[in-house]
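Below, chain A partners chain B and then partners chain C, in two separate complexes.
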Partner chain A sequence: MAVMKFLCDTKRCIECNGCVTACKNENASALEWGIQRRRVVTINDGEPGEASISVACMHCTDAPCMAVCPADCFYQTDDGLILHNKDTCIGCGYCFYACPFGAPQFPKKTAFGSRGKMDKCTFCAGGPEEDFSEAERLKYGANRIAEGKLPMCAELCATKALLAGDAGVVSDIYRERMVLRNNPDTIWGYIPTVGSSN
Partner chain B sequence: MLNKKLNKSLRSLFALLVLLMGVGFSTTALAADEQSSKQQAVTENPADLWRAVKAGEPGFTTYNSLESDVLINVVGNDGRLVRDTYVKPAIALSVVGVFGAFLLFYLVNGPSKLEKGFSGRMLERWDKSDIWLHWVMAVACLILMVTGIFLLLGRHFLAPYIGEGTWGAIIITCKFIHDWVGPVFIVSWLLSVIKWMPLQTFKLYDLKWFLVVGGYINFGPFKGKHPDSGFANAGEKMWFWALAIFGLFVSVSGLMLVFPNLDLPRVASMAALLIHAGSAVILIAFTIVHIWMATVLSEGGMECMVSGYCDENWAKQHHNLWYDEIKANGTLKYQDD
Partner chain C sequence: MRLTRKTDTVEKVEKPGLGLNRRQFLKSASLATGGIAAASMLGSGMMRKAEAKDVPYDAPTDVIRTICSHCSVGCGIYAEVQNGVWTGQEPAFDHPFNSGGHCAKGAALREHGHGERRLKYPMKLVGGKWKKLSWDQAIEEVGQKALDIRSESGPDSVYFMGSAKFSNEQAYLYRKLAAMWGTNNVDHSARICHSTTVAGVANTWGYGAQTNSFNDIRKSKCMLFIGSNPCEAHPVAMQHILTGKERGAKIIVVDPRFTRTAAKSDEYVHIRPGTDIPFIYGLLWHIFENGWEDESFISQRVYGMERIREEVKKYPPEEVEHVVGVTKPQMHRVAKMLAETKPGTVVWCMGGTQHHIGNANTRAYCILQLALGNMGVEGGGTNIFRGHDNVQGATDFGLLFDTLPGYYGLKTGSWKHWANVWDLDYEWVKSRFDQGDYLGQDPMTSTGIPCSRWHDGVLEDKSKIAQKDNIRLAFFWGQSVNTETRGREVREALDKMDTIVVVDPFPTMAGVMHNRTDGVYLLPAATQFETYGSVSASNRSLQWRDQVITPLFESKPDHEIMYRLAKKWGIEQQTFKNIEIKGNEPLIEDLTREFNRGMWTIGYTGQSPERLKMHQQNWGTFDVESLEAPGGPARGETYGLPWPCWGTPENKHPGTQILYRTGREVKYGGGNFRARYGVEHNGTNILAEGSFSKGSEIKDGYPEFTADMLKQLGWWDDLTAEEKVHAEGKNWKTDISGGIQRVAIEHGCIPYGNAKARVVVWNFPDDIPLHREPLYTPRRDLVAKYPTYDDRMVARLPTLYKSIQEKDFAKDFPLALTSGRLVEHEGGGEETRSNPWLAELQQEMFIEMSPADAADRGIRDGDAVFVHSPEGAKIRVKAMVTPRITEGESFMPYHFAGVFESESLEKNYPQGTAPYVLGESANTVLTYGYDVVTQMQETKSSLCQISKA
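Presenting the complex of A and B:
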C-alpha cells in the first residue's frame, strides 16, 4: 500500500492560491462559510528570501490530532491518510490545539463549547461514509482517491509546486528537482544542452 | 509655423523622457544589484528560514482565521505528549490508586470508632445554607469528575467495547453536561470558599495532627492518639485549601476552554487543557479521600452534612478545641433547643 503525502516546493510556489480555490471548489458541498482546508503562507513576504508554502493537513504518520481526540473520531486509512468521523466529533477543539499545522477548522465559535463539527483536508478521500454517497459528499466533500485520482489542489497547481501522492514517488520527483538545481549548468532545473526541464 | 512649434516641443519632451529613463534605469539597476546581493546572503543559509518556520514565525496569508499565518506550531504536540504520557495515567492513578489504597487501609485498619459510643445529644455544626452549598457543589463536582474522566479516558476504557454510534452519543452528552455543570461548580465553589475560609486557617496544633496521622490509625505507636483540632482538623484544612487553589485553576482553565470566541492562542488553550486535567488529578484524589472519611472511616461523620448536627461525643473526640470553645462562649446549640 502507498503512503500518501503532500509536498510543497517553495522554489516553485508563487502564492497564487490556486490550490485553495481548487480545494474549496472541489469540496464545496462540505465546506461551511468561512472555512478553508488549505492556505498559502508566505514567509518574508516582499523581502529577499521570500518563500511561499501551501499547507493543509499533512496526514502525519503519528498524528497528534488522532492521539488527543477525546471522542476518538480519527482513523488512519491503509493509504496513511488521517480522516475523521464528523458524527462522533464533539467540537472540543483539542485537535486544533495539538495540530502542528493548524489544519483542523471549526465552523462555529459559540460560548459553552459549540464549535460545530471539525473540518479538515481529507486528501480528497471523503470520510467513513460509503464512497460517493450523498452523506459523504455533504459531510466530507469529494472522494477523488476512490476514483483513482489525486487531490484537486495538487492536480490543479499551475507550477507543480504542490505535489501529492505516494510518498516514494513524490520524494523522487523532488529529489530529481534538487539534483538539477544544484547542478551549476542548469537554470532552475532546465538543462540547456539536453533541453529537458524539471 | 505651428508644425515647427509642435515639433520643437515634442523634441524637448522626448529629451526629457530619455533623461528620466536614464535616471530610472540606473536606480533600478542599483536596486537590482542590492537585491541580488541580499538574496545571495539569504540563499547562503536557507536552513535559517526553516528554523524560523519551525519556531513558529508567522508569515502572510489571505486566510483570516486564528493563527492561520503560522505554518508550524510545535508546542501543541508537546502538550499533547505531556497529556498522554503523564496526565492520563495520573488521573487513572488518582481514581483507582487512591480508592484502592483507602480500601486497603480500611480493611487493615478498620474505621475510627467513637470511643464512648453515641451520646444521642446532637449539637449544631453546619447551618442550612452550609448544607445546601455543600451538596450543590458535591453533586456538581461528582458530575464533572465522572464526565471529565469519560472525556479524558473514555476512549480507552469504554469506546473499544461499544458501537461507534453509542460511543458518539455518550461522549457528546458528557461534553454537553461537563460544559454546563461547570458554571454551577464555579458559583458554589466561590461561595463556599468565601463562606468557610475563616474556619480553615492553619494553627500550630495542626502540625501535631499530621505527626500522628490525625489519630485515625488503630495500631502501633499511633493507636488511641487524639490530636487537638478546632472546627476543622488539619486534614480537612488541607482539603479546603486544595479545593480553593485547584478549584480556581480548574475554573479559570475551564472557562478558557469553553469560550472559543475568546480566540486565545493555541499555546494558551493547550496550557489550559493541561492545567485543567492536572488540577482534576488533585481534586479527584482529595474527593475520594473525603468521601471515604465521611462515609465509612469516621463513625458519625456523615451525620454532620446530612442534618447539620453532630453527636456530642463525636465533637469531643474529633474536634475537642472547637467543642471546648463553643461550650465556653455559649454558642453551643443542641438540636432540640
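Presenting the complex of A and C:
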C-alpha cells in the first residue's frame, strides 16, 4: 500500500502560485473566497537566500489534528491521507492550534463571526461521502485519487517543484535531483554573489 | 505570504467578495446583470451559462487540445468538456514546452469557460447609461460612424488598435482590414513590448525574434538575464532554466530589483535604471582588455566591431561604477564568467526594451553575444522572451504602424506584393488611402500613429501631425489603455474623440475611464477558447488551438466581427476574395492558407493548417530536449515548425529552431546571418567571409536570392516551367511560387543570403548604441556628458526629448521609478483581475520602496501612500517596504486599473462586469519618453516622489 506524501523542492519553487490556483480550479465547488487550501510561503523575501515553499496539509502519519479533535472528525485512509468529516466537524478550531503547518482553514464570514466547518487539503481525495457523489463534490471538491490521478497542485506545478504521490517514488525523484545538483546548501534558497564581494 | 497586499486602498465600494461563497457569489452577479436587462432578454448563450455543477459527473467527456492564452511560452492544455461546459483541465504531461506545468494563470485557465465578469452583449453608452444593442444594430452604428468620419476627415482619422491576443489568422485579417480601409494607423501592444527588439535586432542580423527556444536553454552553460524576470513573467520557462542550472549552468541576473529570478541566480548585479549600455560596454571593456572575444567569429561574421572597440574605451571600470553603480570586481567577475562558460545565452525583456533608447539597448545585448561568438549554437543565442501568447504572431503579421505582414514594410513594392497575394488590383488598394501629402508624407507609404501615442494623435494640433485630421474614432480591439503611459492625457483623449469602440471579452479601460455620457460602444469578443486557429509562441513555433467551447453569452469571434464590419463598409468582396465565409464567419484555414502564400520573408509559408494540426495531434512525439520528433508522423520536424519554415508546405521544411546555425544544412533548419543591408558599406564587404551553413554550395558569403542570381549561378533551369512564370523578375521574398526558395535550399543556400551581422546600423539615429540619460533622470550630473536627442518629428508625430531632459525634476521627484509584472496578472489585467482565483491572490495595487526611503518619509510597510508624478498626476496605493529595492528606486506592477487618481471607476462599468479587483494604474504616473526609432514608451526609468497619504 502506498503512503501518499507531498514534497516541495524549494530550489525549484518560484512562488508562481500555480499550485494555489490549480487547487482552486479543481476544488472550486467546495471552496470559498478567502480559503486557500494551499499557500506559498516565502522566507527572506527580497534578499539573497530568498526561498519559497508551497504548503498545505502534509498528511502526517501521526496527525496532531486527528489527535486533538474533540469531535473525532478526522480519519486516515489506507493511503495515509488525513481526511475529515464536515458533518461532524464542530468548527472549534482546535486542529488549527495543533497543526504545525496552518493547514486547517475556516470560512471567514466576518472578522469575529462563527468559524464554520473546517476546510483543508484532501490530497484531492474527497471525503467520507460516496466517491464522485454530488455531496462529496460540494463539501470537499475533487476526488482525483479515486480517478487514479494525483493532486492537481502537484500535477500542474510550473517547475516540478511540488511533488506528490507515493513517498518512495517522491523521495527517489528528489534524491536524484540532489545528487545531480551536488550542492552543499541542500535546501532553501540559493545565495547569489552580489556587489563587490569576491 | 505577502500579507500586506490584502486590503483596499480606495473607499470601499460594495463589492462581492469575502464571505460569500463562490456559488452564491455567481448567483448575485447574475442577478445584478438582470438589473439592466430582464432575464428574458438574455440570449440563449446567457442561459447556457457554464457551471460545472450542472453537469453530472459521468457525462461523456471530450478532451480538447488548446494552448494557454496568457504568456508567450505556449503551454499546452487538455481541456475537458462535458455537455458543452468546460468542466476540467488536465495537465498535458506530453507537451514539449511545459510538460504539464502551469503558473497561477495557466492553472486557472478553466475560469475562462465561465467568464462571469465578461461583457455579455453589445452595449452603447446613452446619456450616461449602458444600453443593450443587437449585433446588427451595433455594427450598423459603429460602421456608419466610421464611414461618416472617413468622408469628413479621411481614413486616417479612424484608429485600429489591435491585439496580441488574436490568433495568427485574426491578426493577419485585422492588418488586412486596416489596409482595405486605407490606413496605417494600426498597431498593437508589441509597440510597448518588444518593438525596440524587433527594430534593433533585425537590423543587427536579420530577424528581430528569439533566436533559440525555451527548451534550448537547458543546454546553456551561462545565462544572463537583463531586464527579465521569468519567475513572474514566464514562469514555465523556469522549468528549462532551472534544469539548466541543475546541470551546472551559471545564472546571472542584472536588474534594478532583486527579483524572484535573482533569488535563483549565482550572481546578482544591480544596475541603475536606464544604464544598460554602459553596463554592456563595461563588460566588453573587460572582454576586450583580456582578449576574451571570439576573434574568428568576429572576423568571419561581424561587421563594424572596431567602432565598438573605440566606444568601449570610454567605459573603463571607474566610469562604469560612476554611471551604472557596479564595482570593478563584479564587472570583471561577470565578464570572466561569460567568457569562460560557453555556450551562453542572453535573455532580455521589457526591462531592456521600454526605454527611449530601447533600440540601442537591444543592439548592445546583441553586440555582447557577437563578441563572445555565442550566436547560432545550441545553448547560446539571444533568448528574447516575448510577452503575450501571440505577440510574436501579431508582430509577424504586421499588426504594426510601420509594416505590412511579414515585415515587408510600406513601400510601393511591398503593397504590390500583398496586392498580388490578395489577388487585388494595386490601384484599387491605393485608392482606399488618403491621396494627400501631409508634412511631406504620403499616408499609404508612411508610418502611422503608434499604439503608445494614439492619444497624441487625438490631442496634438492637427497642423503638426502628418495626416489630414486628428484621430476621431478608435477601435480598442483587445487592448487595455491602462498599459499606456501618461494616464491623464489618455483620459483627455478618450473624452475628446467622437466615438470609442471597445471590442473585447471585457469592457476594458477605454470603455470606462473617460468622463463621457455618450459615444462609447462595447462589443463582446470571444476568447481564443471559443474559436480556433494558430498561435506563435516566443520561440517562433506555431501551435494549433482547437475550439474548447462555443462563444459565451452573445460574444462573437474576432474574425466574424471583422467580417461584419467589412460588409458594412462594402469591402467584404475584396477583403475576403479567396476566403470562404460560413454564415458571417470567415474560414480560419483559408486565412492560414492565404498568409502561407504571402509570408516569404520570414518563412510563414510552410506551416499549412494540415501540418499544424498534425503537430498538435502528435505533440507527445516531440522530444523535450531537442524539440524534434525522433519518429512518428512528424519525424525529423521541429515542434510547431518554428519560422522560417521555408518554401511551400509540400517542400516539408522542418522549421528552424535555432536561427543562424551554420552547423546545420538549411533544409534541416540551419542558416547564417541575413544579407539585408546590401553587399558593402563604405566600400567594405559586409557579406560573410569564409563562413557558411553546412552543405552550402557557395562556400562564402552571398547576397539574397533573386531570379537574376539564379540565372547567373546556372540554377534557373532547376525551376519548373510554372515556377519560372512566377519567379521571373522576382526575388525570394516576392516569388509566390516559392521556386526561388526551393532551388536555393536544394543547393544548400539560405534564400536571404549570407552576410555578416552588423554592429553599425547606419540608418538609425545612433549608428552604434550610445548611452543617453533618461529624460527624467535622477543623475543631473550626467546629463551634459550623456544627453538625449533634440526634439524631433518621429513618424507622424512631433516627439519631445531635450525639452524635457533640460528641466530638473530630480530635486522634487528623487526616486527612480520602474514598473513590471506580477505572476498572477497579465497585461492591463482586465482578464486576470476578473478571474476570482487569480484576483484573490493579488488584490492590492502597491509600490515597492526601500526600507531607507520609507524611513526617511515616515512610511511603514502597508501604509497608504501617494505616488507623485513629475507630470502632475498622483495616485494612492499601498507601500510595500522591501529590501528587494535599492535606496533611491521604486517599483510598481502595471496590471491594475479601475481607480484613477483616487477616483473609483467602478460606477462606469456596465453592471456585473467590473473586475473583482480594482486599483490605480502605474501608468497614470508614468511619464513622457519614446524610443527614437520605434516610439516604444519609457516605463523603466522615470521619476516619482512618495508621500504618506
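A few comments on the model shown:
The rule we apply is simple: the second predicted complex is superposed on the first by the 176 of 198 C-alpha atoms of A that agree within 3 Å, B and C clash if a C-alpha of one lies under 4 Å from a C-alpha of the other, contacts with A are read in each partner's own complex, and residues count from 1 in each chain.
Everything that follows uses one rule, which is that a residue touches a chain if its C-beta (ideal position, glycine included) is under 8 Å from a C-beta of that chain, and two chains touch if they have at least 3 such contacts.
As the structure is a prediction and not an experimental result, all values here were calculated from the model.
In the superposition on chain A, A:F132 makes contact with chain C only, not with chain B.
In the superposition on chain A, A:G93 contacts chain B only, with no contact to chain C. In the superposition on chain A, contact of A:C157 is made with chain C only, not with chain B. Contacts of A:N17 after superposition: both chain B and chain C are touched. With both structures placed on the common chain, the touch criterion links A:A71 to chain B but leaves chain C unconnected.
In the superposition on chain A, A:R39 makes contact with both chain B and chain C. When the two complexes are laid over each other on chain A, chain A has residues 17, 20, 34, 36, 39-42, 45, 48-49, 51, 108-110 in contact with both chain B and chain C. Within the complex, the chain C residues that touch chain A are 1-2, 17-23, 25, 52-53, 57-58, 88-91, 93, 98-111, 231-232, 235-236, 238-239, 242, 246-247, 253, 258, 260-270, 327-330, 333, 823-824, 836-838, 840-841, 882-885.
Interface of chain A with chain B (complex): residues 17, 20, 34, 36, 39-45, 48-49, 51, 53, 55, 64, 67-73, 85, 87-88, 90-94, 96-102, 105-106, 108-113, 115. Within the complex formed with chain A, the chain B residues making contact are 35, 38-39, 41-43, 46, 49, 52-53, 57, 59-63, 65-74, 76-77, 79-80, 83-84, 151-152, 154-155, 159, 164-165, 167-168, 171-172, 175, 179-180, 257-261, 263, 266, 269-270, 273.
Residues of chain A that touch chain C in their complex: 11-12, 14-22, 24-26, 28-29, 31-34, 36, 39-42, 45-51, 107-110, 132, 137-138, 152, 155-160, 177, 180-181, 189-190, 192-196, 198.
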